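Listed after this line are the structures, all set down as C-alpha cells.
First chain A sits with chain B, and in the next complex the same chain sits with chain C.
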Partner chain A sequence: MIGLAGKIALWFAFAFALLQSLPPFYGSLRNNIYLRALARPAALGQCACIIIAYLLLTIAFVRNDFSIAYVAANSHPDLPLMYRICAVWGGHEGSILLWILMLNAWTLAFSCLRTSLDKSLTLAIFGLINFCFLCFLIFTSNPFLTASTALTPLDLNPLLQDPGLVIHPPMLYAGYVGFSAAFAISLAALIRGRLDAAWAHITRQFAIAAWCLLTMGITLGSWWAYRVLGWGGFWFWDPVENASLLPWLSGTALIHTLVLAEKRQVAISWAALLAIITFALSLLGTFLVRSGILISAHTFANDPARGVFLLILLAILLLIALSIYLWRLPHATSHKNRAAGMTAFNLLSRETGLLINSGLLFIAMLTVLLGTLYPLIFDALHLGAISVGAPYFNKIMLPLALITLIVMALGPLCRWQQQSAWMLWRQTAGKLLLSLLISSVLIWGVSHHLDPLAILLMTLSCWVILNVTQFLRLQPGMTFAHLGFAVLLIGIVLSSTLNQERDVRIHPGDTVNLGPYEFIFIDTQGVKGANYRGIRAAFDVVKNNHHVTNLYPEKRIYTVRDMVMTKVAIHPGIFRDLYIALGQPLNENDWSVRIYYKPFMRWIWLGGILMMLGGILALIKGENSCRGKKN
Partner chain B sequence: MNHIHKRRFAYIFLLSLGLAMGSALILYALKQNLNVFLTPSQIKTAHLSTDDHIRLGGLVKKNSLVHDTNSLTVQFIMTDYKNDISVRYTGVLPDLFREGKGAIVEGSLNTQGFLIADRVLAKHDENYLPKKVYLEMRRNA
Partner chain C sequence: MSWQKKLNFIFPFILLIALLSLLWRELFYSKPGELASALIGEPVPTFSLARLDAPSSLFTEKALGKRVTLLNVWATWCYACGLEHGMLMKIKQDYQVPIYSINYKDDPVAARTWLQQKGNPYVMTGSDSKGDAAIDLGIYGTPETFVINAQGEIVYRHVGAITQKAWDEVLYPLIKKLEAH
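Our next item is the complex of A and B:
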C-alpha cells in the first residue's frame, strides 16, 4: 500500500521535473513567457511530491512495513524508533531519495528568493538535475519496490546505529547538493551573458550556505569515525572521506573567488568555472561513494550498473556545462568588465592573496583527486591493483597547508589594489615572533621535545589567529572561519605529535600506564540492549593517585546480522581525550585492549564548528558584499 | 605592456609555478606511497624483497588463527585457495576479522617468507571479498 503510493509520488515528481526543465528552457530561448512561467509551479509541485514520497518511506519504517524490500533490508522490529527514522537514509536507495529531497529544498529556497537573476532559466537547470536523479532513483534504485517473497528483516547496519548518523548524512548531503544552486545560477547567468555583481552575490550566498552544511557534515563524519570505527583516528584518507573533502576544497576556493568577482570584478570566469567544478565534484563524490568501485573501509552497497549510470550522468552534465561555459564566456564577461571599470591591482594586494588562496585550494583539491582516482587509473590501464597510502596525502597537504597559512595570515591585512610591504612587515613581524615564542613554549611544555615541523605549523597557526582577531568587529564571519582553520590545524598537529597509544593484553586487576594516567582494568559484565547483547568492561582511570573517571568500553554482538561491534569509551576534555577500545577475549580472563591518550583532540572538531559559525555569520551579516552594510 | 598584460603575466607565472611545484611534489609522494595489492599466488611468484611494502588481499584460512599465549601476537594463514601465506601480526585485530572471511593485510615479507603485518583490515561488510580474489575464485570454480 505504502509502496504503491510512494511509487506514484515518485512518478508524479518525475513528470513535474520534466515540466520544470524542458518547457521553461525552450521558453527562455524563444522568449515565451507562458512556458517560462511554468518553472516555479512545477518546482513547487515536484517538491511536494518528493516530500510526500520521503514521508511515506519514513512511515513505512516507523510502522515496520516489511513488504517493502528496502525497509526489510535496513530495519528490524527491535530497532529503536530513532534509528528506524534514520534508517530511511541508511541504505543506498533511501540516501538517493534524501539527495533528491535536499535538491528540492535548495530549489525551493532559490524559488522563494527575490532577485534580478533569470529565475525560470535557473529553475529549469535545477529541474534538469532533478530529472536526471529521479531517473536514477526510479530506474536503478527505487526504494519502494515491494519484496517478491516475505523477507526477514535484516536490521540496520550496526555501524550506523549511532547518534552521529542522525545528523551526519543529511548535513553532508545538504552541503553536497547545495553546490547545485551555485552551479544552476552560474550556468543560467552564463547563458544569459550576465556574470555581474548580482550573480556573484547570490551565488556566494548559496555557496556559503552549502559550505557551512558541508563543513558541519565532514566534522560530524570525522567525529563519527573517531567514536565508532574504534581506530582512534579522525581522518583516514579513505576514498569516501576524500569524496566529501573534494567539493569542500573547491567550494572554499569558490567562496573566496566570488568575493573578488563581486567587489572587484576580477576573476569572474575563474569563479564561474569553480562553480561548475564544485558541483561536478559533488556528483563525482556521489558516484565514488555509491558505485563502490574504490576499495574503502566504509560500508556501502555496491552495484556496477548504478555506477555506470551515475558516471554517464556526471559526464553528460559536465560536458554540457563546460561547453556552455566555453561558448558563452566571451559574451558573459568581455563588455561587462569594461563597463564596470575593472580595477588593476599590484602583486602585493588583497586580490593577489585571494587568488593565490583559491589557487592553493584548487591544487589541494587536484592532489586529493589524483590520489583518490590513481588506483582507478592504474586498474583501467591494467597496471595492477594498487592503493595510495595515507602518507601520500599527509605529505602533499603539509606544504600546501604551510603556504595557505602564510597567505591566510597576511592576506586579510592587505589592502585592495596595493599594499606596502614595509607596512605589512611592521604590522605582523612582532606577532610572528610572539607566536613563535608561544608555540615553542607550549610544545616544549607538553612534550619536552622540539619537533621543528610541529613548531612551524603551530607558529603559523598562532600567527593567523593573532593577525585575524583584529577583524572581529568588521568581518566576524571571515574571522571565525579563519580562526576555525587555525584551531583545526593546531588540533591536528598537537594530537598527532603528542598522541600515545598502546595495544595491551590484560586481565582484570591489571594496570596500564599511558601518559600521566593509570588505567586499571576492574572487571567485565554482560549487558543486553534492544537489539544486541554484549560484554562491558569497567576501567578506573587514575592520575597522580586521584580518581579521574570510570570508562566502560563494550563489545557488542548485534544478533540479527551476527555482527561484532566495538563500542569505545571516551573521556573527552579540552586538552586531552582518553579512549579505550576493547579488542578480543583471548582466553577466559585475558583481553586485548587498545588505549589512547590523545591531547588536543577536541580542537579538531572545535575548529570545524568555528568554521561553520564563521560561514553562518558571513551569511547573516552579508559580509564582503557590495550590499552589506560594512566593509 | 600595460597593467592588464602585467597582471595576466603575473597570473600565468603564479599558476605555472604552482602547477610545477605541485606536480613535482605529487610525483615524489605518489612514488613513495603506493601500496601494491597482491594475492597470495602473486606473492609466491613475484620475488619480493624484504623492503617492499605490500598489501595482501585474500581469505583468512579456516582454523589457521593462533593466538600467542602471553602477548598480542597472532599468526594466521591468508589464502586464495591456490597458495597460502603465513601472516604474523601484533596488535588488536579488527572486529570483523574472522576465519573464512576476507581481509587485507599490509606489511613486508621477512626472510622466512612470513608476512609481518603492520596493519590488518577487515571490510566493514560481512560479505566482502577482495575483488581480485573473487575473480580468481570464480575462475577456479
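Our next item is the complex of A and C:
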C-alpha cells in the first residue's frame, strides 16, 4: 500500500516539476503572464508531493513494512525507532529522496521571498533541476519498489547507527543543495540581463544560508568519523569528504565575491561564475559519490545505469548554465550597471583583499578537485593506477592556508578603495609580535619543543584573531566566521603536533601512562543492546593521583549483519581529549587497546561551530549589504 | 567576433567537455587500479586448497567475504615474506583484521614449522603446492596481499611486503573505509 501511494506521489511531483519548469520558461521568453504565473503553484504542489512521499517512506520504516525492498535492505525490527527514522536516508534511494526534499525546501524558501527579481524564471530553473533529479529517482533508484520475494531485513549499517547520523546527512545535503538557489537566481538574472545589487544581495543571503548548513554538515561529519571509525582521525581526504569540501571552498569564495558585487559593483561576472561553479561542484560531488567511480567509505552498492544517468544530468545542467553564462554575460554586465557605481580601487585596498581571498579559495578548490580526480586522469591516460592521499593534500593546502591567513589578517583592516601601507603596519605590527610571543610560549609550554611550522601557523592564526576582534560590534558575522577559521587551524596544528597515542596489550589491573594521565584497566563486562551484544571494558583515568573520569569503551557485534564494531570511549575537554578504542581479546584476560591523548581536539569542531555562527549572524544582521549599516 | 573573443567563448566549453568525457570514460572503463590487477572489483576467483593445518579439510574462496579480509600469498622460501611476518602478526594483534593466506609452491611441513616458530597470523591457510590458485589470482611474486570486501570482491592488491608505512597510509585507511560501508 505505502509503496503504491509513494510511487503515485512521486509521479505527481514529476508532473508538477514539468509544469514548474517548461511553461513558465516559455512564458518568460514570450512575455505570457499566464504561463509565468504557473511556476509558483506548481512549485508548491511539487513540494507537497515530495513531503508526502518522504513521510510515506518514513512511515514504512517506522511500521517495519518490509514489503518495500528499500526498507528491507536498510532496517530491521530490532533497530531502535530513532535509527529507523534516520534509516530513511541510510541508503542510496533514500538519500536521493532527501536531496530532492531539500531542493524543494529551498524552492519553497525562495518562492516565499518578497523580491524584485524575476521569480517565475528562477522557479522555472529550480523546476528544471527538480525535474532532472526526479527522473533520476523514479527511473533508476525508486525507493518505493516492492520486494518481489519476501526479503530478510538486513538492518542499518552499524557504522551509521550513531547520533551523528541523525543530523549529519540532512545538514550536509541541505547545504549542498542550498547552492542551487544561488545557481537558479544567478541564471535567471543572467537571462534577464540584471546582475545588479539586488541580485547580489539575494544570492548572498541564500549562499550564506547554504554555507552555514554545509559548514555544520562537514563539522558533524568529521565529528562522526572521529567518534565512530575508532582511530582518532577527524579528516581523511576521502573522495566523499572532498566532494563536500569543494562546494564549501567555492561557496566561501562566492560569499566574499558577492560583497564586492553588491557594494562596489566589481567582480560581478566572477561572482556569477562562482555561483554556477559552486552548484556544479555540488552536482559533481553527488555524481562522484553516487556513481561509485571512486573508492570511498560512502559509496553504496552501485548500478552503472545510475552513473550514466547522473552524468547525463550533470552534462545537461552544466552545458545549459555555461551557455547562458557566456551568451548573456555581455548583456548583463554592460551599460547601466557599470556606470552606476563601479569605482576604481588601489592595489592595497579591501577590494584587492577580497579578490585575492576568493582567488586563493578557488585555487584551493581546484587543488582538492585535481587531487580527487587525479587517479581518474591517470587511469584514463594509461599511466597506471595511483591513489592520492592525505600527504598530497596536507602538503599542498599548507602554503595556501598560510597565505589565506595573512590575507585574512590584513584584509578586514584595509579600507575600501585605498589603504596606506604605513597605517596598516602601525595598526598591526605590534599584534603580530604579540601573537608570535603567545604562540611560542604556548607551544614551548606544552611540548618543550619549538616546531617552526607549528609556530608559524599558530602565530598567523593568533594574529587573525587579534586583528579581527575589533570588528565584533560592527560586523559580528565576519568576526565570528574568521575567528572560527583561526580556531579551527589552531585545533588542527596543536592536535596533530601534540597528539600522543599508544597501542598496548593489557589485562585487568594494568596501568598505562600517556601524557600526564594514567589509565587503569579495571575489568570487562558483557553488555546487550537492542540489536547488538558486546563487551564493555572499564577504565579509571587518574592524573596526579586525582581521579579524572571513568571510560567505558565497547566492542560490539551487530547480530543481523554480523559486523564487529568498536565503540570508542572519549572524555572530551577544552584542552584535551582522552580517547580509548578497545581492540580484540588476545586471550582470556589480555586485550589490545589503543589509547590517545589529543590536546586541543575540540577546537577543530569549535572552529566549525563558530564559522556557522558567523554565517547565521551575518544573515540576521544583514551584514555587508547595502541595506545594513554602513561600516 | 574577433579570434580572441571566439576563443574565450569556446575554451570553457572545451574544458567542461573534457571533464565530462573523462568522467564518462572512467564510468565505463575504469577499474580503479586496473593495471595493478585485472581482478579488482571482481569476486575472488574460485579455488579449493587443502588446509595447511588440516589437509583433509578445504579452504575455498567461500571462506572469504563475510567481512573485510586480507588474503596474503606467501612462501617459506621467500625472503621478503619473513620480513613481512612481524607486520602480519601486528595486524592480527593490534588491528584485528582477519588474514587468510595461500601458501604458494611450498613444502607443507616447512610451512607448518615456520608458523609454529614465528607465530601464526592467519585465520586459515590453504596449501597451493602447484600454484594453480596463485595463477588465477595473477600473482607475479610473493608476498602479495589482496584486500577483499565483505561481498567477497577484490578491492585492492598490494605487491611486496606490507610495511608499517603502506599499512598506515594505504591499507588500513582502505580497510576502515570498507568496513564503514
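Following the convention adopted for this analysis, the second predicted complex is superposed on the first by the 624 of 631 C-alpha atoms of A that agree within 3 Å, B and C clash if a C-alpha of one lies under 4 Å from a C-alpha of the other, contacts with A are read in each partner's own complex, and residues count from 1 in each chain.
Simple rule for what comes next: a residue touches a chain if its C-beta (ideal position, glycine included) is under 8 Å from a C-beta of that chain, and two chains touch if they have at least 3 such contacts.
Just so it is clear, the model here is predicted, and its values are computed rather than measured.
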Clash or fit: what happens to chain B and chain C when chain A is overlaid? clash
Touching A:C112, do we find chain B (first), chain C (second), both, or neither? neither
Given the touch rule stated above, what does A:V308 touch, chain B (first), chain C (second), both, or neither? second
Who does A:L366 touch here: chain B (first), chain C (second), both, or neither? first
Regarding the shared-chain residue A:P391, is it in contact with chain B (first), chain C (second), both, or neither? both
Kindly classify A:S592 by the partners it touches after superposition: chain B alone (first), chain C alone (second), both, or neither? both
Thinking of the overlay built on chain A, is A:D503 touched by chain B (first), by chain C (second), by both, or by neither? both
Where does A:L376 make contact in the superposed view: on chain B (first), on chain C (second), on both, or on neither? second
Report for A:F287: first if it touches chain B alone, second if chain C alone, otherwise both or neither. second
Regarding the shared-chain residue A:I33, is it in contact with chain B (first), chain C (second), both, or neither? neither
Common interface residues of chain A - those touching chain B in one complex and chain C in the other: 159, 230, 295, 297-299, 384-385, 387, 389-391, 503, 505, 562-564, 583-584, 586, 592, 594
Quick check on the complex: what are the chain A residues that touch chain C? 157, 159, 228-231, 236, 238, 287, 291, 293-300, 304, 307-308, 311, 314-315, 318-319, 322, 326, 373, 375-377, 379-380, 384-385, 387, 389-391, 503, 505, 562-564, 583-584, 586, 592, 594
What part of chain C is in contact with chain A in the complex they form? 9, 12-13, 16, 20, 22-30, 32-36, 66-67, 93-96, 155, 169-170, 172-174, 176-181
For chain B, which residues count as touching chain A in their complex? 3-4, 7, 10-11, 14-15, 18-19, 21-22, 25-26, 29-30, 32-38, 55, 67, 70-72, 90-93, 95-96, 104, 121, 123-126, 130-132
In their shared complex, chain B is touched by residues of chain A numbered 159, 230, 295, 297-299, 344-345, 347, 352, 355-356, 359-360, 363, 366-367, 370-371, 374, 384-392, 395-396, 399, 503-505, 561-566, 581, 583-584, 586, 592-594
